[in-house]
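Listed below are the structures to be examined.
Heads up, the next two complexes both have chain A, just with different partners, chain B and then chain C.
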Partner chain A sequence: MNLIDIYIQEVTRRLPKKSRDDIALELRSTIEDMLPENYAEKEVKEVLKNLGNPASLASEYSDRPMYLIGPRYFDTYMTLLKIVLPIVAILAFFVIIMENINTYSGEEDIVNGIINVIILILGHVIWGMISAAMETFFWITLVFAILERKDSSRSKSPLTPSWTEWTPDDLKSIPLITKEKKISTGDIFGSLLWIAIFISVYFNAGHLLGVYEKVQGKIELITPTFNQEVLHSYWLIVIVALIIEIAFVFYKLILRQWTSKLAIMNTVRNIVSTLVFIIVISNDQLINENIISI
Partner chain B sequence: MEKLLSSLITELRRGTLTLAVLSQLRTPQYGYSLVQLLEKSSVFIEQSTLYPLLRRLEKQELVESSWDTSESRPRKYYVVSEYGIEILEQLKAEWEKSTKELENLLKGDVENEPD
Partner chain C sequence: MQLQFELKYSFIIILIVLWLLLSIIDIVQGFRKANMK
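Coming up: the complex of A and B.
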């Protein structure tokens, strides 16, 4: 008797509240129908074995999906994740680099100092990228899990970008990516790495680049090449140029292939960064006077 | 191989379940009596599939149900609805058509077999 109660409980607790009582009653009468007059535990077990695992019986009863994201949404979900996760990770990468950029005080031994700063920033960056990606993953998954449960259409066919049923016309909006036009992951990574190095060096040039001398067994920066104050005074246009650079990388990341629009953007990006470079370099206060006198 | 075969057989039979069940519900049946009725014609359906199937058919308005509390133990009786009979007739016609088609296919299969 006891086993039957537990079995019914194990089935019904997985079901929506409103259908529980009815199913419990029906299940009990069915189980009793299957048992002989004076039954022993052995016979009960036999009957319950016939009915199978309570979880799978409940899933047969339930209309709700027993999975998080089903065939209808899975493709859209994966496509979105593949676009959004790298973007979030890269954004986190830059935000953390910018946050930690001034960690180096310039007081320590330069070699140890730089190594320490790199290790420190790298730690922050890796942790930050992982946690940003995890959080994004969580929210996207949650939204799709809810969509899956709220979708009243019974259709199992994957969604198209226009949220309608697929037709051959949908193919017209998709470009054919040829090998020559394809943008490699290495290309994108290279651009990002270059931007990160540039940011780190530009805003720290005052205590990174210059003439080093060995003083009392320690290597120290004696004369910086650049006047950091002059570099800093151009922060606005430098940031604008950097934002354009980063936006361009994101655009490449999404398109994954060269188009004429992308090529035009590339030209604009080059003109902007060249202009900024010329503006900064043409300042005659940029190079430290002491360097020139050496 | 046996595992694969049995899963293929289950898949093959799954589609016919609705037809088999609806055909036996012209007279009211409760869960276990339906099982016995089907087994008499050597149609064996997993009980864990059958009972939820009955509820689904009820939700789709193909069968109607009523509780009978006059006996010692309350039983839920299911009987095919008018709409269900309509569907049953069409399913039956479809089934007969496809068995004939498949029969022809399989006959061809034997003839095409290499010597």
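Coming up: the complex of A and C.
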């Protein structure tokens, strides 16, 4: 008897308060129906074993899933995470680099400079990327967990990315990507890395690029190649070109294959960056006069 | 002074030519990949 009471308690404590008494009664009568007239503990155990884990039974009674995200939403959830998380991490990477460029004092001593850059990357960038990704992960998971619980349809078949039931017509909207046309993830991340290196070097060229000499045992930048004020004066067009570059990379990330439209955009991107490059480099004051006389 | 002037401009011209060359290669590659069957 005691085992039955405990079993009923274990089931009902997982249910909403208002339905506990009714379900307790129903469950008790079910158990009693399953038992012979003069039953022993062995028979009770047998019946309870057949009814299964109280948590599973409670889940059946309350019609609530025993998982955070079920088969219906899991594929959409994973697809969204795979698209959004890298974007968020990359955006965080750029935002933190941009924020730190202004605060980076620019050590004249190259060794200290490199150590500072490593600390900057480890301390700010990696942590910033992880925390941005974690936050996004949390909110996406929360939204899907709510969706899972609010979905009134009984269907367990996975949703398509367009949030409807799958039909063979869905295949018509998916392009067949050939190996030659495919844009690899390495290509996308390579482009983003190159943009990040360019931003770091462009806005720090005054204390990174130039002639280094050993002064009292320390390697120091004696003559910078470029005039940092001139580089900074073109910040607006450089930022515009960089935004176009970043937008192009994200467009590649979405398309995942080379198309005529992408090739035209690539041409525009190249023309813009070439024009900006020519405008910046043709400035008379850009290259430090002292570097030529060395 | 004249030598410095020439050095500076030849350096700039080399950089521009290199940049142009890389851009053209990139544009051509883009169209080549887009038109592949």
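We take it that the second predicted complex is superposed on the first by the 251 of 294 C-alpha atoms of A that agree within 3 Å, B and C clash if a C-alpha of one lies under 4 Å from a C-alpha of the other, contacts with A are read in each partner's own complex, and residues count from 1 in each chain.
The definition used in the following text is that a residue touches a chain if its C-beta (ideal position, glycine included) is under 8 Å from a C-beta of that chain, and two chains touch if they have at least 3 such contacts.
Every value quoted in this text rests on a predicted model; they were computed, and no experiment measured them.
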First (chain B), second (chain C), both or neither touched by A:52: first
First, second, both or neither for A:3, with chain B first and chain C second: neither
Which superposed partner A:32 touches (first chain B, second chain C, both, neither): first
Dominant toucher of chain A (residue count), chain B or chain C: C
Touching both chain B and chain C, residues of chain A: none
Residue ranges of chain B touching chain A (in the complex, touch as defined): 30-33, 46-49, 51-53, 55, 73-76
Residue ranges of chain A in contact with chain C within the complex: 178, 180-181, 258-260, 262-263, 266-267, 270-271, 273-274, 277-278, 281-282, 287, 289, 292-293
Chain B-touching residues of chain A, taken from the complex the two chains share: 23, 25-27, 29-30, 32-34, 50-53, 56-57, 60-61
Chain C residues within the chain A interface of the complex: 4, 7-8, 11-12, 15-16, 19-20, 23, 26-27, 30-31, 33-37
